[in-house]
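In order of appearance the chains are A, B, C and D, and numbering begins at 1 in each one.
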Amino acid sequence: MVAPKYETALIVGAGNGLSASLARLLSGEGVRVAVAARNTEKLGELSKETGAHAFACDAADPNQVKQLFEDVQRRIGVPDIVTYNASARLRGPFVSLDPLAVERSLAVTAFGGFLVAQQAVQRMLPNNRGAILFTGASASVKGYAQSAPFAMGKFALRGLAQSLAREFSPQGIHIAHFVIDGAIRSTRGLTEPVDKPDSMLDPDAIAQSYLHVLRQPRSAWAWEIELRPWVEKF
Amino acid sequence: MVAPKYETALIVGAGNGLSASLARLLSGEGVRVAVAARNTEKLGELSKETGAHAFACDAADPNQVKQLFEDVQRRIGVPDIVTYNASARLRGPFVSLDPLAVERSLAVTAFGGFLVAQQAVQRMLPNNRGAILFTGASASVKGYAQSAPFAMGKFALRGLAQSLAREFSPQGIHIAHFVIDGAIRSTRGLTEPVDKPDSMLDPDAIAQSYLHVLRQPRSAWAWEIELRPWVEKF
Amino acid sequence: MVAPKYETALIVGAGNGLSASLARLLSGEGVRVAVAARNTEKLGELSKETGAHAFACDAADPNQVKQLFEDVQRRIGVPDIVTYNASARLRGPFVSLDPLAVERSLAVTAFGGFLVAQQAVQRMLPNNRGAILFTGASASVKGYAQSAPFAMGKFALRGLAQSLAREFSPQGIHIAHFVIDGAIRSTRGLTEPVDKPDSMLDPDAIAQSYLHVLRQPRSAWAWEIELRPWVEKF
Amino acid sequence: MVAPKYETALIVGAGNGLSASLARLLSGEGVRVAVAARNTEKLGELSKETGAHAFACDAADPNQVKQLFEDVQRRIGVPDIVTYNASARLRGPFVSLDPLAVERSLAVTAFGGFLVAQQAVQRMLPNNRGAILFTGASASVKGYAQSAPFAMGKFALRGLAQSLAREFSPQGIHIAHFVIDGAIRSTRGLTEPVDKPDSMLDPDAIAQSYLHVLRQPRSAWAWEIELRPWVEKF
């Protein structure tokens, strides 16, 4: 039983605490980490703290994603861990949704996942090693009212992940999809009521499960894991 | 037990025999039918045969879809049946897929479904009646290797349908999703081997199941139905 | 496109209005109908009304089920339609469930389905025709708190149905599973509030969907259908 | 983020290498371990190696299961980890299955899971802590031809686990279900061909994922994890 030993990671999307927790955890394990987000302002502190390299990238833009991988490769080497955490949630009464906003939501939540995965696989395939982790949500498996665009994007991302698992697991690339069911506790004040302890997902705890998956030997790979707080209804 | 009585139908997407079968069947039931496709050339014969009104429309274009509903409304009235059958399948090794073709595939398979559904719901909601049927595929629930874009689009369409079912069933609009698992027999030569009778889906048979769903009273609505040939592996 | 023409039906389990509705509907179509229940007292009126033959049978008892099929065969011929509607729901705090009651609940809800299906298939297989319909519930796909035994039984029945579909569809036997999500309106007073019309499933409406499935030509068989009232949360 | 600290484990079912791997891994972590199987002969070596206490128990017998928990409690204390690995697979043409063998298969695969879980929960609930892990299979989510009894049992076990997760997670008891998709490599000669390395599940690798789940803090509990070898078709 040999656990994979990965050395470089690219984390795409930094909208919540998960990416920061992953960057911290992986850095602590000696992995060289790159973090990409559309807005790099919020990445400054994280870079200072973890030494992670920050890159600006609109994940829905094919050229920017290609450029991102080239830049990352130059700075820390070909990433053998890639996680796609970006998404653009859009809620509201279905009839009044703005089609252009819906289009953009799908582009960030799903199409960006495709772009990032394609660049990742192109670089992992020659070595038959690497891992691509996709961050899903309860909306990945359940379409809620007044939330069609997010359901569309997250269902699509799950379809992508499953298709990639079938195509590339036998090539040595570990593909995993996480159904994160619940709100993620944030460092910016989004925390649970004191009388409901641990009713929100701790991003460090999620990151630990990602790390566990990265260490799984290929004889027993997880393809999908559902995570939720103990008190979350489902 | 009162079965709904619908009078006008808009069928979007005419890539296979299903739309033609639906047009024929609904016309035969006295429903006024409109059919929309990007390329109306192939609709000529169908119009002649069934009296269905043909409209040119790129389902992935917000303005064209809005225009389509206005034109249909002018010609046959507000459609109280809308089916979304359009899709753009894209296959091949993942690493060599063209990102722009993937984007287009998602636009036709999923985003067009959103656009059509939104126009439909906006017109059905004031009367609290109508039905929107989505045509899925085995790829709606299973992501196959070398077929990530189709899985993404069809998963997304299913997420859309499920979200709409939760939002609009209680408003009197029947939302249903069909998982068509198998190849559809076509009038243009795509038929099964003689030694494997009925190993492809007869579009007339599919259309009969659509019609059944349209007639279901609201106390027992189907939201999802899987259809496949008797000999299809699953 | 040739719809099957079935002539004899055996309906097992008569705990709610669905079996009665099916008996009435099939009789009206000229099908010879047998109905079996553990307690035949409640079948008297139904028999008088529809001409259906009533049989006493504990569906969880192998010998009684075998005997049932022999008796039915003698009276109306080999049944080419068999539906399994029996179940024994058991609710309550998990820790205080009586193991013997749980065992009995599983026996009626799931093992009886096996026994009935086996007798049915043994008689259908030589002719490569017939249909077996299983009545599931929301508990077939979702395990609710304080309802573990019913979830166990209904999950098991769905596993049975899916396994049979894979084994016998290609042999010409149509296997279908219905996820009935909601309460069934009953003739014995179980009806919805007047301000929530059609918020319970009309058994006649369910029966119409069963009949539709029975008429599907083999090129487009439904294996699973979800049915729920328009206002039911899911 | 506080990981649970469990001290005593009861592993039920010892038909494959997984139970042995778990016993070894947990013992190595300082957990006091009890292992139960119908036939304790094969447990002797394991006990000697790991110090695990061996108990004879037919998991399908309510009295024996109750006795087991009392005996275990006396020897190592109330178990705060319980895993249910027992199952009785039964394959063959559906029409020739022996009903009594099917009944037994269901009893071991599913009813035993209920009995064990009930005894476990009764003891865990007063302290609002503990973990119950269920070992599923591909048959838990897919009913294969010629394998109806196993599908029934494993579907039922999954329904049980899901129902328990909804009832007891908010009470502090971690319930998890593993979909083990593939053959488990065994110490008794069941190993993969040399040209297909790691094409069978290493029981030590599975055990590592169980251990990870046991350590998850309650803010991010996994309820279901799918594990399969990298080259396994799904």
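Annotations for the structure displayed:
We adopt the following convention: a contact is a pair of C-beta atoms (placed from the backbone, for glycine too) under 8 Å apart; a residue touches a chain by one contact, two chains touch by 3 or more.
None of the values given here were measured: they were computed from a predicted structure.
Both copies, subunit C and subunit D, contribute mostly matching positions to the interface they share, with over half of the numbers common to the two. Copies subunit A and subunit D of the same sequence differ in orientation by 180 degrees, per CA superposition (steps of 5). One finds 32 Å separating the Cα centroids of subunit A and subunit B. Between the Cα centres of subunit A and subunit C there is a gap of 44 Å.
The set of subunit C residues touching two or more other chains comprises 165-166.
Taken as a graph of touching chains, this assembly is arranged as a ring, one closed cycle with exactly two partners per chain.
Pairs of chains in mutual contact: A-B, A-D, B-C, C-D. By the touch criterion given at the top, residues 1, 165-166, 169-170, 172, 174, 185, 198-202, 204-206, 208-209, 212, 215-232, 234 of subunit B touch subunit C in their complex.
The residues of subunit A lying in touch with subunit B in their complex are 62, 94-95, 97, 99-100, 102-103, 106, 110-111, 114-115, 117-118, 121-122, 125, 139, 142-149, 151-168.
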